[in-house]
Amino acid sequence: MKKLEIVIQPEKLEDLKAILDDNEVNGLMISNIMGYGNQKGHKKVYRGAEYNVNLLPKVKVETVVEESIAETLITKIVAEIQTGTYGDGKIFVHEVEDAVRIRTGERGSDAL
Amino acid sequence: MKKLEIVIQPEKLEDLKAILDDNEVNGLMISNIMGYGNQKGHKKVYRGAEYNVNLLPKVKVETVVEESIAETLITKIVAEIQTGTYGDGKIFVHEVEDAVRIRTGERGSDAL
Amino acid sequence: MKKLEIVIQPEKLEDLKAILDDNEVNGLMISNIMGYGNQKGHKKVYRGAEYNVNLLPKVKVETVVEESIAETLITKIVAEIQTGTYGDGKIFVHEVEDAVRIRTGERGSDAL
Amino acid sequence: MDLAGLIESGMDVAEASGLLMNVMWTMIGAILVYFMQAGFAMCEAGFTRAKNTGNILMKNMMDFVLGSLLFFVLGFAIMHGKDANGIIGTTGFFNPTNLADADGLFNGLPVGVFIIFHTVFCATAATIVSGSMAERTKFAAYLAYSAAISVVIYPVSGHWIWGGGWLSSLGFHDFAGSTAVHMVGGICALVGATILGPRIGKYGKDGKPRAIPGHNLPIAALGVFILWFCWFGFNCGSTTAATTSLGDIAMTTNLAAAAATLAAMAVTWIRYGKPDVSMTFNGSLAGLVAITAGCDVVSNWSAIIIGLVAGILVVFSVEFFDKVVKVDDPVGAISVHGVCGAVGTLLTGVFAMDGTGITFLHQLIGVASVMAYVAIMALIVFTIIDKTIGLRVSEQEEREGLDVHEHGSSAYADFNFRL
Amino acid sequence: MDLAGLIESGMDVAEASGLLMNVMWTMIGAILVYFMQAGFAMCEAGFTRAKNTGNILMKNMMDFVLGSLLFFVLGFAIMHGKDANGIIGTTGFFNPTNLADADGLFNGLPVGVFIIFHTVFCATAATIVSGSMAERTKFAAYLAYSAAISVVIYPVSGHWIWGGGWLSSLGFHDFAGSTAVHMVGGICALVGATILGPRIGKYGKDGKPRAIPGHNLPIAALGVFILWFCWFGFNCGSTTAATTSLGDIAMTTNLAAAAATLAAMAVTWIRYGKPDVSMTFNGSLAGLVAITAGCDVVSNWSAIIIGLVAGILVVFSVEFFDKVVKVDDPVGAISVHGVCGAVGTLLTGVFAMDGTGITFLHQLIGVASVMAYVAIMALIVFTIIDKTIGLRVSEQEEREGLDVHEHGSSAYADFNFRL
Amino acid sequence: MDLAGLIESGMDVAEASGLLMNVMWTMIGAILVYFMQAGFAMCEAGFTRAKNTGNILMKNMMDFVLGSLLFFVLGFAIMHGKDANGIIGTTGFFNPTNLADADGLFNGLPVGVFIIFHTVFCATAATIVSGSMAERTKFAAYLAYSAAISVVIYPVSGHWIWGGGWLSSLGFHDFAGSTAVHMVGGICALVGATILGPRIGKYGKDGKPRAIPGHNLPIAALGVFILWFCWFGFNCGSTTAATTSLGDIAMTTNLAAAAATLAAMAVTWIRYGKPDVSMTFNGSLAGLVAITAGCDVVSNWSAIIIGLVAGILVVFSVEFFDKVVKVDDPVGAISVHGVCGAVGTLLTGVFAMDGTGITFLHQLIGVASVMAYVAIMALIVFTIIDKTIGLRVSEQEEREGLDVHEHGSSAYADFNFRL
């Protein structure tokens, strides 16, 4: 099993969900994070004092999938989420040892 | 060392903490996430426009523990958190290479 | 590639960012979490009813880096973030299999 | 008709000026008392949890709405219609403007002015209850209760006190409604919250109360400031006339509230080690409620004492209901309105200035009889609702929040909630 | 001059008392109507998204600011200056206090009192539009529009209705401004929102509207409570005199609002399965807008009917614009102010009490002519702005929020937003 | 006593009517000025950080509470008691109602009316300071300061200006308190914030100020709208009489505020590239403060100029204190109340209409002497508090938030904070 950890622009969440849905991904964990990467932030002024806002709001979507479909998903995500501008985001791939469905106690692939 | 990544219903957090406490788990990281799984969401109507809320608030609890107690924990969690309804949640198990306690610089198991 | 998962006191975020910047770390994912560890919480009273607040606000910073610099980073973080009091935080080290830059489709180290 | 019109129609200048000044002042009072709805709504929303915020706002809005309509159609007649045996009013149903005399006046004021003034007072009594029944009451059941208080509970005891009924004949003094409005609301709150039972998680397995902190202190504080502001309309407006005593009433009102706030803060500081924000703000309301009965007949220093008593009392009363009686009252309405309303009315009997003829005994009779009447009626009403509509939402609804289940919405769509 | 001063200067007691009472009452009205700005600001901020909150607050502040300044310099003269052919006022530019007579009076009131009263009404019309154009309008463009409505749109139709123009001669009755203020604002809102187009994401690929829920219901609800509170100043204050009818006006106003709220809640409950919080609060405003034209000439029961109509109508109207016309109106301003303003004015022709001489036909002429005038002017104004400054922000700015891009700030710096 | 009562007791109609109208108007003023407490509380809470919100709300509540009690017991006597050498009042301690004449009047008003009116003004001065000392002051120390300003600082300079002291004899004109209330508060704010030192993190290692944005703009904006609303009570109410000039005062007040808002927005737009939300709302307050001294004696156009000056000045003043003087004033109270209060009072000497006899020199003497007195007293008071109780919380408390440490609570229990 692999976990894909996908960081994207918040407004791309619907599109990403559509891709995952199409590929029968069964579960997601979505978090709001602040991201920091190549994308430049804004310079803000508050009451005369300047400050840099280089942390930008991003959405992190984590999904645990069968090894077999991970590569397909990555390809599709890159193809469809890409806009070509800084801040498009990243995917990190992790090995997952096991999964457990609390409702039934199922383990491994059955639990996805 | 293993990391258990446990996704549950928000109202089960106290129960989960009790289980972990009983098993002398020393640390937790708790995040609010939006989950998407087998559990169906609500249909809402806002000013006449319908919309599906299929993202549901969940709590993610991460804890890094000695390999030896991971299995015990999983068994207990399944036993005590289970209600048998959709949305009970999942546990994902990950290998952790190392842990560092910033306060002391301790490494590995000592740092847990 | 390694992922460092660094849990710290919220007010140390700027210092941590400075360390990572100095070491040319290119990206971060920052989340607000509630932490539970050796550090004791507060006892609060609300309208006469006491309650323990043993979950404390923490910041989790995740960064995926080349294996080669992971150890240097850990050393620096321990050295500079340490105050020696409970609640200083922890670093967990994970293996990462792959990284993908959505903007370009680059993979592996190139994607960092 | 303006002043020129009135004079033309035969009134002398003094009479006409007096009438219009009284109209203006009573209108100002009514408008300010209306705005208490905002104060209660913010207070109750702020002192409860974010997942139930939309619901509590709706309840606050709807009890004013139902109160306005039903008090017009039925309540006013029961409260101010022709008295029958000192118990109940009997005329003016469906169109209370018919009660006006040939000049369009009722109790010395143009009838419309009089009705709007009493409408907003009725709605205040109704709205007190939503706080104590917050976070677990079915919306439809709440509407039913709200209709009942506006029709069968408040107007009857109101008739006794202000509508020419037996308590007003007796010499019972409740100037602006410590008993007539606040205690009535507070007793209903007590009965309602008791029948309903505590919120899930309020009491641990050991029976000890757990804190369920309010989710938005700025709006709760705003609510208290709004209420204090409007209370000048509530108390000074209750002259229903422009008089030279308005400043005196404002002074006693303000000093009692200030003293109560200080007292509540001090008590929490001593008892809990830190000055408690939410309880201190409750203290302000406690003082305002307590001074309301006697604000026109006590001295400034007596007002300070009444305030101090209310401010100390409210803290212990909240703890008492929370820990001993184990009635779960999320915003402290029972203590603030019920207990301090009763005590303030009684203290009026102690502190009333010489020559007012107010006695402790009469005050006691008034408080006790209204308390008994309201408790019995509330018991009947809530029991009927519980057996028919059902008072309480399901456990799942309560856990996940009333906003999602009862209204299909979230009060803070762009934010995540903690826990 | 106070009463003694006036009498010394030669007025008789009755005249002087009458004048000062009218001054006081009109001032109270003006002050309350000013506070509507807070109500609109909270309402609009609460019913839109957190990323645009600073921007909407600024717009609400700035349209009052521009309205105050420009109405003083130009608008008042156009609205209340010497009438030319029933179409427009022509005197008093740059310093309308010059319009006062020798005693300093204008229309029977000290000129300053009269101007401040009309200033706050003008600003109310202006502020209605910001809600319907929220979350996508360029700030500079909005300022330009706001200047235009305060100078060339509102004062002209205002002159027709209230400034001695042709509609007032005709016998058109719009007591406190269902048409003059609310419908004018509502029509501008419709034209503006149409030209602007819907927010990104408002309509799916299938053309179906998607819900974009407001981010802060407590402040939105507070906004509605504030507006209701101030509406007593708006309607009762429009006598610009202390009269015996103030209570009657307050009663019709309050009953209509209550009935409309109830109706809106009931309709959403039936149609959507659950009582909708945001629509119910919209219902209150719908009732208030609708009763404004006729609050002084309809009976209490007629007011209830007008309220019920408005409360039902507003729900269907919101759906109609959302689903059929596909104009994206984030807060429902078009339906609340435009539709209910027009319908309320017309219903005044139906329900006006005998002897008032108000006819449906005259009401229809008034509504239709003002509607036509405002629609055309708004079309011209918004088109010019669109071609010059540009009405709409860039797609990126809209996605990421107007607060960051237009103002370099966040309204909630210590919180994360969801999604 | 109502009108009939007064006439019966021997007053003639004109006198009695005049008295009651003045009572009503003064009461309206007092009630509105009370509500400024809500405005300040929301403003200060909104413009600071979420972790200190409960604390700032408590401070705002408690300075009104202490002010009310102490001004009654001691302050009123010092301010309005029998004058001694033009410096201080000396009678009326512990029960200022004793100062009333045989008819119960004081300065032509029923004594209770007069006291409540001055109580709310005193509390306004006190509450200004909490904003500039926000987020780092010990709660107990703040209470001590608050008591001091209500007893030894405000009433003394207040006596000079309004209580029959030397400045009122001199011809110094401060109609509603640009100096007496706002500058006094602003100077205390300056001294307090200076002694306290900046918040942790406010200045980088390079000495450059860092932005610490406010956490809740909607409530901050609401605060400003409330303050503007109440300012009509503050300025128009300061006639303490029903007069024909109320509208003129409202006009100058409103135009100055509008002009200042526009100016502040324009300056920030030019200087920072974008119109700054928080500064623009500060601009409104700057204009209101500046016009307060002369709102009764300047023309509308002069009011606009005064507003423009204040609106421009406030931006530069905030930057000056932030960047040059390096005094950390989280909400800009020093610039808004101190600087604009002083400048507004001086400009009254420039723009006062002919025949008022107001001179720049007298205004300058008044401003300078009050400034000196207050600065010295504040220095003494804050130094004593610092050496005894200690002004500042510990570093850990400041980092983690005053709510948790000083009050054991969180203002937003259901939300996570960012960072």
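Labels A, B, C, D, E and F are assigned to the chains in the order they are written; within every chain, residues are numbered from 1.
What we mean here is this: a residue touches a chain if its C-beta (ideal position, glycine included) is under 8 Å from a C-beta of that chain, and two chains touch if they have at least 3 such contacts.
This is a predicted model, so every value here is computed, not measured.
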By label, the chains that touch chain A as well as chain F are C, E
Moving step by step through touching chains, the smallest count that connects chain B to chain E is 1
To bring the C-alpha trace of chain A onto its twin chain B, one rotates it, in degrees rounded to the nearest 5, by 120
Here the gap between chain D and chain E, centre to centre from mean Cα coordinates and rounded to Å, is 32
CA centroids of chain A and chain D: separation to the nearest Å works out as 52
Shared-interface residues of chain A (touching two or more other chains) are 31-32, 34, 44-46, 94-95
Chain F residues touching 2+ other chains are 13, 17, 21, 24, 28, 213, 216, 219, 222, 272-274, 276, 278, 408-409, 415-419
A full list of chain pairs that touch reads A-B, A-C, A-E, A-F, B-C, B-D, B-E, C-D, C-F, D-E, D-F, E-F
Chain F contacts chain D in the complex at 1-7, 13, 16-17, 19-21, 23-24, 26-28, 30-31, 34-35, 37-38, 41-42, 45-46, 53-55, 57-58, 60-62, 64-66, 68-69, 72, 95, 97, 104, 109-117, 119, 139, 216, 219, 222, 403, 406-416
Counting only contacts in the complex, chain C reaches chain B at residues 2, 7-8, 31-38, 55, 58, 60, 74, 77-78, 81-95
The chain A residues in contact with chain F across the complex are 34, 44-51
Per the touch rule, the chain A residues reaching chain B in their complex are 3, 17, 26-31, 64, 94-103, 105, 111
Chain F partner, complex, touching residues on chain D are 13-15, 17-18, 21-22, 24-25, 28, 32, 49-51, 213-219, 221-222, 224-226, 228-229, 232-233, 236, 239, 241-251, 254-255, 258-259, 261-262, 265, 272-278, 280-281, 284, 300-301, 304, 415-419
